[in-house]
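Below are two complexes that have subunit A in common, paired first with subunit B and then with subunit C.
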Partner chain A sequence: MFSSARIVRKDRLEGFLERLLEDREVFAPVRKGGLVTLEMIDSVRDVILEYENTKESPKAAVFPQRETLFGYQAEKGKVALDVPRGKEKEQVLFGIRPCDARGLLLLDRVFGGDCGDPYYAEKRAKTLVLSLGCVNPNPTCFCHSMGGGPCSPEGSDLFFLDLGDRYMVEVGSDKCEALLEDEAFEDADEKSLALSEKIRKETEASMTPLALNENLKEHLGRLFDDPAWNALAETCLGCGICTYLCPTCHCFDLCDEAEGGTGERIRVWDSCQFPLFTQQASGFNPRPTVKERFRQRIMHKFSYLPETQAMLGCVGCGRCVIECPVNLDIREVMTSLSEGTVPA
Partner chain B sequence: MSEMPSMETFVTTEIRETAGDLLRKNKVQVVIGFERGSIPLRSRPCFVRSEKDIDRLVWDGFCENSVARYVAKRDEKMALVAKGCDSRALVELIKENQVARDQVIIIGVPCRGMIDRSRVEALVAPRRILETEEKEDLLVLKGSDFEETVPRSDLLCDSCRTCTHPNPVLADILVGEPVVEEDQDPFDDIEAFDAMRPDERWAYLRNEVNKCIRCYACRNACPLCYCPECFVDTTLPQWIGKSTDTSDTMIFHLVRAYHLAGRCVACGACERACPVGVDIRKLNRKLLKDVRDFFGYEAGLSLDEACPLATFCPDDPEAFIMNP
Partner chain C sequence: MKNPYVPFPMRIEDIIVETEDENVKTFDVSFVGKEDEEQFVYTPGQFAEISVFGKGEAPFGMASTPTHPGRLEFSVSKIGLVTGALHQMESGDVVGVRGPMGNGYPLETFKGKNLILIGGGFGFSTLRSLTNFILHDSNRGAYGNLTVIYGARKPGLLLYKKDLGAWQQRGDLQLHLTVDKGENGWQGHVGFVPDVTRSVGPNPKDAYAVVCGPPAMIHFSLPVLKELGFQDEKIFLSLEMRMKCGIGKCGRCNVGSKYICSDGPVFSQAELTQLTGEAHF
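So, the complex of A and B:
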């Protein structure tokens, strides 16, 4: 497991980040207006690593909330297209959490595959994920119940774990070969390896697992018409906080921003919680109320994505738990649905 | 000396008894109130339809949501646990024909102000609160290795600090003891906002709306934002772009604020719902002050008073039209 593990002493981290900044865009957690957010940094001194998680997930780095697909200019029966070039610089997501790193793996499946999305692919290919393990997970975290873990390197190109005066660094992909030549990295010693394993085990043991149905996907499939949804969704405001802050939600809308014949076709985030999401031109809406829209969010994450992408659409980051204005807690929803005894 | 039960415990008991009575006698089909949330510092709306569930209902300093937000276009006969601001929202909803007066039984609760959880969290950060306890004028914050007692008044939500109607203005059943009300909102923050140069004000608003992620939590948490189709969701014509470009977010917030002028009851639900800390109340409060100054009107105080922007009086002021 630790065949390629390294060590970075804490006093050498700043230098490493400085060198990263020389020819890459580095995104890292910073404090901004009372919130901790993931921002492109100018100075290493702004980076904070003592934090729970960023307010928003890092998905915007590869799937921006607004993205120009192409510009167009229609004149005298001719249309000129201007397709933006791919990302020029490499970008590094430094210090993101293991849950969010795993979230990117789901986006990879959705935007990749047989009909890959070039806009996503170009950004993703130039993205390095340097995540930081959690040694003190928030009580709202449930990554370990969603297949991940507070110290899971899954989805990270490099995975950092705080060992006190140094970081244990696991290498998760071959995208970091050049990076590892940096003078900050040393080979890991046996003591550090043992300590890191101890921390991993202790942190995982500190989290209470959710009592979920073992065959969740099939179980939910049978619950589609269950009356339970009425009560579960009753307090939902129908806002987009849960979907917009979610590291895996990826639905979007396409629209034109134009004046006359000149404009841009853009892609913007959309949310299944909004009525317009499924509003049809005829005026008919197949998901007419909050209940259907709430059910869609749950079903998509825990039934449809496991079916189509072989991966849950939830990484247990807990953002929706913390930020929902009416504290509609997805952990309680899933536990309650798991308990439901429905005829097979 | 044994401690007196807190006001919150007392009110909780009364709410449960009242709810049980209303459900038992079939006077309502549902009681909309608050229950304990799933994480510390949170209570949340809940719908109780059966007498056996009344013990879910609680009252404490975390009942921050506007439950009036749930009444519009509902068929059932309802009872509502209403703070001062919730009762004012109900007055507006009744006037605007969104709910019939006899369709809702108002269980009014005098409100001591709700606690701003972000303030509490900031106070003890990076330590975590696992439990809280309310005492008279104090809040006890408990973590795994600490216990701190803080005056409740230091922790109130901004909207509760400027509230002048904490007692329900309309109630069928009143539980708890009325609280002392402030005479008038001094609007210090808006005086300061008005004193800014126009370019400074614009820069301030731009900076605020640039945080917006267009999740519409402010709109959806608002008891008076009940349009079946919001202008942002209209597609023919499309009034507003869909991105987080400043021009779009600005239009959303400005138009929403204007649509609430003379109707906003200053409950602050919008700002508490916002996940990214946009100063939404600045615009709403600016218009609250304007409506008060121009028309001597405060929304949600009387079922008989028409909204000044929905009616005409020959002596309506014109200065802001003629000489803005």
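So, the complex of A and C:
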């Protein structure tokens, strides 16, 4: 497992990041207005590495909240389209958490497939994921119950784990070959490997697993018409913050912004929690109340995506738990649904 | 990688006002680019996204048939932003088109079988495509008896009157037109589509039924087909939901784990009964 492991001594990290900045865009956690957010950095000194997680997920780096698909110029009888050119530089997501790195794997599946999304693919190909393992998970974290783990390298091109005076670095893909040439990397010694394994085990053991139904997908399918959804969704305001902060939520809207004959077709994040999301022009809405929309979010993550993409649509980052204005806790929802008895 | 979000241009050649209230128009459009025409290979039941630049996009089933190359027809009911803008357009204007999208009707499955097409209102457009496809000289021999049951609220709201007239003249198609409310001179049935289906009483042996129309029509037609002996595997439906991307990414048109845009819009009733999802009819 650690055959390609390296270490980076902490006093050599800054130099490594500086060299990354020379010809790449580097996104890293910084403190901004009292929050920790993932920002494109100008200076390595802004980077903070003692933090729980960034306020927002890193998905915007590959799936921006607002993105121009093409510009157009239309006049009577003709139209000219102009598709924007992609990024020139490689971008590095440094210090994102393992849950968020796994979230990108779900997006890869959704935006890949038979009909690939060129806007996503272009940015993703130029993205390097350098994640940082969690040694002090939040009380709201549950990655371990969603198939990931606080020290899981899954989805990372390089995975860093804090060993005190140095970082253990696991190589997760061959995208970082050039980076590993950097002088900051040394071969990992036996002592570091053993310590890293100890930290991994202890951190995982510190997290309480959720008591979830073993056949969640099928179980939820049977519960679709259960009255339990009424009570579960009762306090939901339908504000959609859970979907905006979620590292795997990917629903979007396409719309035109125009002035006269000139304009753009843009893609913006949208949310299944909004009534207009599914309302048809006739006024008919297949998901007319908060209950149907709340159920859609849960079913999509825990039943539909496992079926279509063979992966849960939740990585257990806990952002929706922390930020929900009415304290709706997806862990409680899933535990409660797991206990639910199937109606006769 | 081909960019599935970028439409290609098509020119409006003709606009046919279909209904007496002028709310439904059929747009007859031609390809501007030869390459776009060559790549647009479709089957009845598929759809395309039409752009009105500055307003946005909306999905429409092809009302035309691939046996008539070079042109596409889309019937548009004036109901929202994009459809309202389309209704303002004139011959010579250019729209954007993305497609073809969706699976279309299972033509291979239908081969050699008797077909009963049941349509209502504006949902009839892709059934018109299917009917004209089957009636084409190169295809007619491959399919069995063809029965078309088509209803609208009143005679003035029936679409494709020229086609209906031509179909009535043919001996190889049984056409049953019905309206909810008759008018002077109306010679067809008076009554709802499900009731007319029952009285027509198509034989389920070696037959498939295809249903496309408003939710209420589908809701009441399914039990009638069951009563007549059609099994769920022998009933196909074309569904609709609000759509944006048309390629199974934007996340809004699902029924359970299936996206109407990319897994459908055509499903057998047997497939639909396996899905958990909001019931649409």
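The definition used in the following text is that the second predicted complex is superposed on the first by the 341 of 344 C-alpha atoms of A that agree within 3 Å, B and C clash if a C-alpha of one lies under 4 Å from a C-alpha of the other, contacts with A are read in each partner's own complex, and residues count from 1 in each chain.
Going forward, a residue touches a chain if its C-beta (ideal position, glycine included) is under 8 Å from a C-beta of that chain, and two chains touch if they have at least 3 such contacts.
This is a predicted model, so every value here is computed, not measured.
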Both complexes share subunit A, so when I overlay them there, do subunit B and subunit C fit or clash? fit
Between subunit B and subunit C, whom does A:R66 touch in the aligned arrangement: first, second, both, or neither? first
Using the superposed model, measure off the angle between the directions from the CA centre of subunit A to subunit B and to subunit C, in steps of 10°. 90
In the superposed arrangement, does A:G221 touch subunit B (first), subunit C (second), both or neither? second
Quick check on the superposed pair: does A:D117 touch subunit B, subunit C, both, or neither? Answer first, second, both or neither. second
So in the superposed three-chain picture, is A:E50 touching just subunit B, just subunit C, both, or none of them (first/second/both/neither)? first
For A:G164, is the partner it touches subunit B (first), subunit C (second), both, or none of the two (neither)? neither
Which of the two partners, first being subunit B and second being subunit C, lies in contact with A:E234: first, second, both, or neither? first
State whether A:P209 touches subunit B only (first), subunit C only (second), both chains, or neither. neither
Mind working out whether A:D253 is in touch with subunit B, subunit C, both or neither, as first, second, both or neither? both
Just to confirm the geometry: in the superposition, how small does the C-alpha gap between subunit B and subunit C get, in angstrom? 6
Quick check on my understanding: which residues of subunit A belong to both its subunit B contact set and its subunit C contact set? 253, 255, 270, 279
Which of the residues in subunit A end up touching subunit B in this complex? 33-35, 50, 55-56, 65-66, 138-140, 231, 234-235, 237-241, 244-245, 253, 255, 257, 266, 268-271, 274-276, 279, 321-323, 325-329, 331-332
Using the touch definition up top, name the residues of subunit C that touch subunit A in the complex. 1-7, 9, 11, 51, 53-58, 79-80, 83, 92-94, 96, 215, 240-242, 244-245, 247-254, 256-257, 262, 276-278, 280
What residues on subunit A touch subunit C, complex-wise? 69-70, 72, 74, 76-79, 81, 83, 110-111, 113, 115-119, 121, 220-221, 224, 250-256, 258, 261, 263, 265, 267, 270, 272, 277-282, 284, 286-287, 292, 296, 299-300, 303-304, 307-308
Please give the residue numbers of subunit B that touch subunit A in the complex, ascending. 37-39, 42-47, 65, 69-70, 118, 122, 126, 128, 130, 211, 213-217, 219-221, 229, 233, 235, 241-245, 269, 272-273, 275-277
